[in-house]
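Once you've had a glance at the structure underneath, I'll fire off some questions.
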Amino acid sequence: MAYEALDFYDIDSLLTDEERMVRDMVRDWVDEKILPNIEKACHDGVFPDEWRVDLGEMGILGAPLEGYGCPGLSYIAYGLICQELERGDSGVRSFASVQGSLAMYPIWDFGSEEQKNHYLPKMTTGEWIGCFGLTEPDYGSNPGDMITRAEDKGDHYLLNGAKMWITNGTIADLAVVWAKLDGVIRGFIVEKGDPGFTAPEMTGKHSLKASVTSELVFQDCKIPKDRILPHVKGLKGPFSCLNNARYGISWGAVGAAQSCFSSAREYALSRIQFDHPIASFQLVQNKLAWMLREITKAQLLAYHLGKKKDEGTWIPEHISLAKMNNVDIALEIARMARDIHGANGILDEYPVMRHMANLESVKTYEGTHDIHNLILGRHITGIQAFTRES
Amino acid sequence: MGIAVLLKQVPDTTAKISVSEGRVDESTVSKWSMSPYDEYALESALQLKESGGGDLVAITCGPARVVKMLTDAAAVGADSLLHILVEDLSALDSTQVQTILAAAVAHSGSDIVFCGKQAADTNAGSTGPGVAHLIDASCVTMVSEVTPDGSSLMAMRSSPNGNERVAVSAPCVFAFDKGITELRRPNVRGIMMAKKKVAETLGPADLGVDISTSSVSIDGHTPPPQKPPGQKFEGADSVAAVVGKLRDEANVI
Amino acid sequence: MDVTVIAETSGDGLHPVTAQLVGAAASIGGTPTVLCAGGTGAAEAASISGVVKVISVVGDCFETFDSGAWAKALNSVTGGDVIIAAASPSGREIAATMAAIRGIPIVQDATDLTPGISVTRPIYSGKAIETSTVTTPCAITLRANAFDSAGEGGSAEVSTVNQSADVAVAVKEAIAKASERLDVAEADIIISGGRGMGDPVNFSHLNEIADMIGAAVGASRAAVDTWEEIPHGMQVGQTGKTVTPSLYIAVGISGAIQHLAGMRTSKYIVAINKDPDAPIFGVADYGIVATWEAALPALKEELGKL
């Protein structure tokens, strides 16, 4: 059967033709390329290179960026792309989020004209893969205290330190790395093959198995002077990137939840116990109704936030709310869907356990669930509660 | 060389069809799609345009909803779009549909026409041969590939004994079976371009076609008859009986 | 009411569906004249009961299939209030072209006719049935095996008419049918094997039957996972292909919910399984409780008789 996305409040009718066409294009691609192959990719622990090529050919990488060969789509369209990709798998959406929002965006917003012309056209076509180095082994929610350092050596910079949990790291052609230069956080572009730079892959994940996760290691890594992003200083740089990526995640989570809902509904209607489809039992209906309710609310959050992104009337706290809420309910829906599938829910025949395991990562990365609560808490009270110091 | 492709929007082949008050209820169709054989016709038309030049016009007939399908055709490379506005296509008889489409082809100035061998809703297969006659063109059906060959065109068609490579000259109509090449996917660039290609909408009267009297009137639609409950037979001796039922009851072999 | 029946041929002879066309013509009160394109099957057509006349239309144009030329030649021989042909690819095409030349409507793929003329036909791939009334003159094509055949024992007069038309289609090359097997996602008939087949070698029996009826061969996930000779591309089910053929034959497949998810919307399902309690029987239209070793040879034999 063709996939019919849950759209209880007809969000579809709010979309422009262009947005709908982009959504359908990605939806068809996910049906055709991701769903038949995702379990094998997860099993093998690889992100198939063919997917990179296709994403580039469709022209959706760096979706909301304009110029330099980039698509220039609306933020709503970017959200829909994330939704459809994550309906396939969070790992595929992660690839696109990192490429577009975390690697291309800082170059586009904070880079020099030369940097933009050099990197962006090849990144939007997928020819070059980017990654984003902020988190460190000992600094996750607290990136401001990062250890990675850059030194100005006159005709070059010297980088020392390590980054961790870096999506796309090992397969990336370039990394946007945040490091302290004279105590101030700055962005640097490190290319594959730069002396002193390695990106070993992290293995053993139970989550995002079709996504490459790596460490970035800098040991007296020498890069030319023109690789610093000239137009940003401080945490504002990485946080700007994260705002866009988190926005995409708020849509992506809806896609994963829709996939789980759709599988659970279909299963409940076809699974017979006590002579009746389990969908006819009140406890199962209660679960399905809760899923529908939460997905519908999440869709409205994501859509309205998208409108605010397109209008430029958003604040970062709006994004925190949507990312936190939508991932939270998606994870709960995945668990509930697994429950409805009974023992069959643990099999790779169904997408639910994979989504569930993926969403555990998504709940934690790009600002953990709790950190987003603290962001909102600060917004409400005016008192920051991240640290004991005032 | 002008190339036209005739497209029809149909309920997606996976969509449920429901009947209420004796008619198929179109409002319950969850997804409308380009008829599958038309997709191959469009793909082949695009390839011919790319190899030999010429303008490709996508033509369709139907209510306002069908324009979306034309825009999809534009997103993969159709140059212009022609929509003949007919509120209820199913009320027209084959002669009327063919006359409208033939007039639309003439309006577009095309002399090479691509279409599907049949549409997925009616599964009739009258349009290609009918339009061919009306525009005085030769017709090849069950086509899987069309390539330019000097001043003529070479088409691969299936025949009862295999495949045949046949040559025809314009004006001609190719009615497509499943094509041999993969269908192209749209991309963002194409979708942005499609935004700028506005469909020309005409009524049948604008083309000089009168659709006031149809010689076919639909009396009603019904859901397919309920299948009898499953029957179970014991032992291999029952195979003959089952094969008989497959032929006579189920009509599937 | 004069009915022109376009004879359906098969190789050098008449296709049995022609007798059904004649039977249908009689059922709406028509007097059938049978046209034999290129003269094929004329003598056989004359022996169909109820046929009043057989016209063997011969000419150079019948050397190559060109519906435009054939329709022109056939149309110039006779008119008729109703043209009836088989809903085969060539029947549909010739009838549609004849109708267009005469400017009369055509209704394709009818499964029932009553005088009047009321036409029943499946639409949306059989998801709905349409009944319509068509005024004469008109053309109608009929689905094979939906109408009763006229009997034998007729002795209609056979006349031969020389009539050709310009052929616009030139055959440059004939390519023999390749014996490549269909993909399950595209086939109209699928025969699938499960782990009950015992050994991947035994899929050869499924292949033989598939070749006889133009089917694709599928497999359950259990078979694909157990035997590396059975590729994933054959898998029908939740993580394999979802299929909706007209006929799905499940052999040695118990019917796990994941398999059913991929094939339960098939139009007709035949299950062959030795376990009478196998869940596959719950979705089967025709269930045969037997081992595949016993059932498949019988199936081969019966299909061979068709």
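We just call them A, B and C in the order they show up, numbering each chain from 1.
Keep in mind that, in the parts below, a residue touches a chain if its C-beta (ideal position, glycine included) is under 8 Å from a C-beta of that chain, and two chains touch if they have at least 3 such contacts.
Being a predicted model, the structure only gives us computed values, none of them experimental.
Novice: Quick check: more C-beta contact pairs at A-C or at B-C?
Specialist: Ranking A-C and B-C by C-beta contacts puts B-C first.
Novice: Need the most distant chain from chain C, centre defined as the mean of C-alpha atoms.
Specialist: Result for max centroid distance from chain C is chain A.
Novice: From the mean C-alpha coordinate of chain A to that of chain B, what's the distance rounded to whole Å?
Specialist: So the centroids are 40 Å from each other.
Novice: Rounded to a whole Å, what is the gap between the Cα centroids of chain A and chain C?
Specialist: Chain centres of chain A and chain C, defined by C-alpha means, are spaced 51 Å apart.
Novice: Just the number, please: Cα centre separation of chain B and chain C in whole Å.
Specialist: Roughly 20 Å separates the two chain centres.
Novice: Would you mind listing the residues of chain A that make contact with two or more other chains?
Specialist: 1
Novice: Where does chain C touch two or more other chains at once, residue-wise?
Specialist: none
Novice: Taking each residue of chain B in turn, which ones touch at least two of the other chains?
Specialist: Counting only residues that touch two or more other chains, chain B contributes 14.
Novice: Which stretch or stretches of chain C touch chain A in the complex?
Specialist: Spelled out, the residues of chain C in touch with chain A are 221, 237-239, 242, 257-258, 260-261, 264-265.
Novice: Can you list the residues on chain A that touch chain C in the complex?
Specialist: Interface residues on chain A, with respect to chain C: 1, 39, 266-267, 270-271, 344, 347-350.
Novice: Show which residues of chain A lie in contact with chain B when the two form their complex.
Specialist: Within the complex, chain A contacts chain B at residues 1-2, 4, 17-18, 21-22, 25, 28-29, 57-60, 63, 71-73.
Novice: Which bits of chain B are touching chain A when the two form their complex?
Specialist: For this pair, the touching residues of chain B are 12, 14-15, 30-31, 68, 71-72, 75, 185-189, 191-192, 194-195.
Novice: Could you list, by residue number, the parts of chain B that touch chain C in their complex?
Specialist: 11, 13-14, 16-17, 19, 24, 93-95, 98, 117-118, 120-126, 128-134, 138-142, 154, 159, 161-169, 172, 178, 214-225, 227-228, 230-240, 242-243, 245-248, 250-253
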